[in-house]
Structures are given as C-alpha cells and as structure tokens.
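Before I ask anything, let me first share the structure, which is written out below as structure tokens.
Lettered A, B and C in written order, each chain numbered from 1.
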Amino acid sequence: MPEDYNNLSAKEKIRYRQIQTEHPHWDHKQIMCKLAFDRQSDRIIDGGGNNPNPNDPIILKQILEGAKRWLKQIGNSINEYIDSALRKINNLIKSGIEYIADIFGLLFNF
Amino acid sequence: MDLINSYNICFLGRTGNGKSSLLNAIWGTNFSTAPLVSCTKELYSVTILGPTEKGYEAVSVYDTPGIGEFSNDSKYEKYYRHAVGIADCVVLVTTFDRTDAPAQRLLKRMKDFLDPSKNVRFVVALNHIDSKIITDVEGKYEPWNEQLNIPTSQCQNNIEERIRILHDKFDGIFLPFIVIPVCAVREYGISELKNCILKS
Amino acid sequence: MSEKRNPQFLINQIFDKIFEMGKISKEEQEQVNTALNKELIEKPFRVAVIGQSGVGKSTTLNSVFGLKNYTSNLAEGTTEIIEKKFPLRDGFTLSIYDMPGLNNDIEKDEEYEKLYKMILPGCDVIVYIINAHSRDFGEDCRILKEIVLPICNDNKVRENLILAINKIDTIGENIDPNDPELQWDAFENLPTAKLKVAIKEKLGDIVAKLIDENLLGAEETLQQHQVVFYSAVYNYNLQDFIRAIAHAGNRGWIWPATVGFEQAGKWSDAKLLKDE
C-alpha cells in the first residue's frame, strides 16, 4: 500500500475500504481524493462553514508562497525570510490553529 | 414488453420538465413525480390496453431518463435508441427554459434510429407555461387567469415567443413538428396534446 | 475612509514586516515595492466566470468578489464578451469576463467555444459555477471534459480552474420542499442536522461522479482543492472559495493579498451583513 494510506487513521482506513467497495474501478489516487473531499466537507459543514478571517493561516501560506515565486521572477533575494515565515505558518497549521489573534506577532517573533 | 399491434409513444425531455406529470395527466398513470429529483432512472414503459382512437389494441408509452443529466456515453443512450426506434410518435417535453442544446444533440443522434417504415410523428409539448420564473420579464408577471384556467395575454406572448425560438432551434434537426402549450398540473392543453399525439 | 493610517494591502503589510526584520537593504526594499505595485496595478487580476443562467453567477460575484450590485446582462446571442473592469482601491483593478453558459443552441455553442479558447488562457482564475442540484450535471461534465479542461490543459492554465458548487442551501428543498428540517436555518446561517446529512451525501455524489467522469483526482484533471462548495446568497463557506483562489495558478495569491480580506470583514455572518 502507498505511504499515504499507512498514514491514515483507523477510521479513515475503514472509510478507504468502503469507498473501494463502492467504486471498485477507482485507483488509489482517486480514492484518496474522495477521502480528502469527504474529510473536508465533514469539517466545514459540521464546523459551520465559517467565513474568512484575515488570519487564516492556509491563505496566508498561499499568499507567501505566491509572493515567493513572484519574487524569484523579479530576481529578489529576500526569499529566505519568507521561508522562515512559511515554516512558522506550517507549524501553526500542523498544530491546528485556525484563528490567530495577531498573526504578524507570531509570524515574525524570532 | 413491446406489443406487436401497439402504438408506441416515446417521451423525451430534461429532468424536471414534467414528463411524468404529463403522462399521468394524459393517461391517468401513476409515475412518480417528486420535484426535481430524477425519478426515471430505468426505462419505464406503461401499456394502456383497450380500444384507442387509432384502432390499435394498446398504447405503449416510454418515459426516459432526463436528457442532459447523464453524459452521452452513458448506459442510458441505449434506452433512448430503443424507445425512439420503435416509436410511432416522439414527444419532446420542454419548458420556457432555453437550455435546448442537449435536446438538439440528442435528437440529432436519434434521427438515424427512427423506424423508416413508420410515419413517425414529432410533437413538442411546452409545459409549465404557468411558471413565474422567466428571464427578461419586466415588472410584475401574472401568467395565469385562474378563473378561466387559461394563460393571460402576457403569458400568451411568451408562449408565442418560445414557439418561434423552438422552431428556430429545432427545424431541420429531427422531424417537422408542432408545439402544444400545456400545463400538466392545471390540466390545460392535455386533450389537445393527446389528440395531436394520437390523431391519424 | 478613516483618518488613521491608510489601509494597506495585506501583502504590503507582510512585506513591511519582513523588511522590518532588517538585513534587507533600502534599495532592495524599494525594488520590491516598485515591482509589486507595478504587478498589482498594471496587470489587472482577471477572472472568467462560466455558468448557465440560474447558477448564481451574479450573487457569487457580489458575495465572493465584493462587487456591489453586480448584474449579469448577457443577452442571449451575445458573441461579444466584454471585459468588465472594477477599480478597487489603490489602483488595483479586478477584471471580470462574464462568459455565457453553453447549451442554449448548438450553433451558438460553436461561437462560444471560440470565445472560450480566446479568453480563458489569459485569465488568472477561471470559475465554473454549477448548481448543487443541477439537472444538467451530465452536461456540465461534458462541457468540462470536452471544452474547458482541454483548453486549460493546452494552455497550461488548468491550475487556474475552480469548480464552484453553489446553492448548497437548497439541497434540502429539492428533496422535500415541505420538510422544515430540510430547510436552511437562515437565522443561524447553518444547515439543520438533517440537512447536513443530505448536503454531505449530495456533495459526495457529485464528487464521485466527477471522479467517474475522469474530471477529478487524476493527472491532467482537477485536484480536490479546486472543488469548492458554498452558498453565495447566505455567504456560507466563502472561506474555501478564497483559499481556492489563493491557490490558483501563478497569480491567484494576488487577489486575497490585496482586497480579498477587505471583503472578508463583510462576510462573516449573514445576520451582521449590512445592506450595501
């Protein structure tokens, strides 16, 4: 089994098998895709579809990554600073913090 | 079950256009008509036995799954081919909604499956004429005269406009046709539609 | 506008913070600022919106992109697509291409396809809106498979696509309009418990169909984060939408980095929304 399957929780593995039975002709990637979507919709619908707050770390991450790519294009070298900011955000995302009071303080406090 | 001496009618149309309601209104059948949920997943046919206007022993009516709801290469394609292939009359059920291209494409594909030995009739039923949800309408729109159970003159204008559009879009695609405005739930235009389908 | 400091684009704030950390020369700082302004101002952020009438294009453009009183006035038979430019603050421009939905007439479809080929490749984000209870879902799949996805793949802008599933609040009505437990709770702006189940099931169905049709979850197809579900009229789950925009292609990040979150303040709750 591919690595990402092994990283699934027990409950998700059951769900994986379920999807596999319902759609026997799907490959692993397709099943993982359905699983990811189901997880996402569970989270959002049960959580009430909360709407954007400017401190959404996932959006900030996208912005920083986009800015980084763009800066590379214009030949700019401040990418290392963006990298550390991104690492910070990644940690925040991993620890599941969705709403942060003062993201800038947290981001750049080091 | 295809009876040998039966007049076969094929009903086509998008999900939600009221094919099943129309069938129920015309022939007193009992097809499920839950709103906007696709009910007709398999090919339903009903055969009405007894002497008919055409002198046949029976009328078989084939209700089909909604056009546009399933992609072209789905298993429903063969249902359409079967129903159209044995049809003596094809009825396209449409509404004021102008999303006509899927029906245009389906009919183009089906043209080759018509039985060349039959003189197949093609009727277009314009259903839901009492609907208030119409684009391009200014101001308050009252489509129905409840007292007389007929469309208002405002609605009549929309009907004529829609008939023009239908001819624009469908002339030359399948067969020559006539448009009959109906409203299944109000039982308007039902006998006209039935006559048009069955008359010799 | 208040007299306190001028509202700054989010991206400016982020860069300022980065600069404050020091070790970046004044010259570099200026270079970045100039380039950024050039990028934001000279190249409007282009969005193409595709959808049949009735899917909620206008409401989506109002709710998500914050365009006040947007009305789509595409007359049937329009072959001229007008780029509508919306100057937002500080010189930033949002540009919308309101694309006609296909399927009104097979002859017009040929014309429209040519328009799609012309316009889609130049857009930063391409939003394909469908109704959660679309009766023509098979057709939407066909259009995506035969027209939109090939154009995007040919021009390497597949990552700019967003499949936006709107009107999830009406899923219950379409199962049973008379069941009060299947109606959207407009007061709390949440689905009821029963409706939650129905929504998850319906969305699961849609996703399964997309995978079956080879539109999702494989190479050269949409990826899971490109599919969002929401209710424009109730401002529900616009967050996912914004995330998808931020993720889109090369320049998706620009819009939330500039005015995206200015809109956010107005979205949070339908109850708190003031009339604009």
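Note that in this section a contact is a pair of C-beta atoms (placed from the backbone, for glycine too) under 8 Å apart; a residue touches a chain by one contact, two chains touch by 3 or more.
Predicted model only: the values in this text are computed from it and were never measured.
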item: Centre-most chain, if every chain is reduced to its averaged C-alpha atoms; value: C
item: Comparison of A-C and B-C by number of C-beta pairs in contact, larger one; value: A-C
item: Interchain centroid distance [CA atoms averaged], subunit A/subunit B, Å; value: 49
item: Subunit A and subunit C: spacing of chain centres that average the CA atoms, whole Å; value: 19
item: Cα-centroid distance, subunit B relative to subunit C, in whole angstrom; value: 36
item: Per-residue multi-chain contacts in subunit B, two or more chains; value: none
item: Parts of subunit B lying in touch with subunit C, wherever the complex brings them together; value: 14-16, 35-38, 66, 68-72, 74, 98-102, 104-105, 108, 135, 169
item: Complex contacts: residues of subunit C adjacent to subunit A; value: 10-11, 13-15, 17-18, 20-21, 23-24, 28, 31-32, 35, 39, 190-191, 196, 199-200, 203-204, 207-208, 211-212, 216-218, 223-224, 227, 229-230, 235-240, 242-243, 246-247, 250-254, 256-257, 260-261, 263-264, 267-269
item: Parts of subunit C lying in touch with subunit B, wherever the complex brings them together; value: 52-53, 76, 101-106, 109, 133, 135-139, 141-142, 145, 174-175, 177, 213
item: Residues on subunit A engaged by subunit C in the complex (per definition of touch); value: 22-23, 26-27, 29-30, 32-34, 36-38, 40-42, 44-46, 48-54, 56, 58-60, 62-67, 69-71, 74, 76-78, 81-82, 85, 104, 107-108
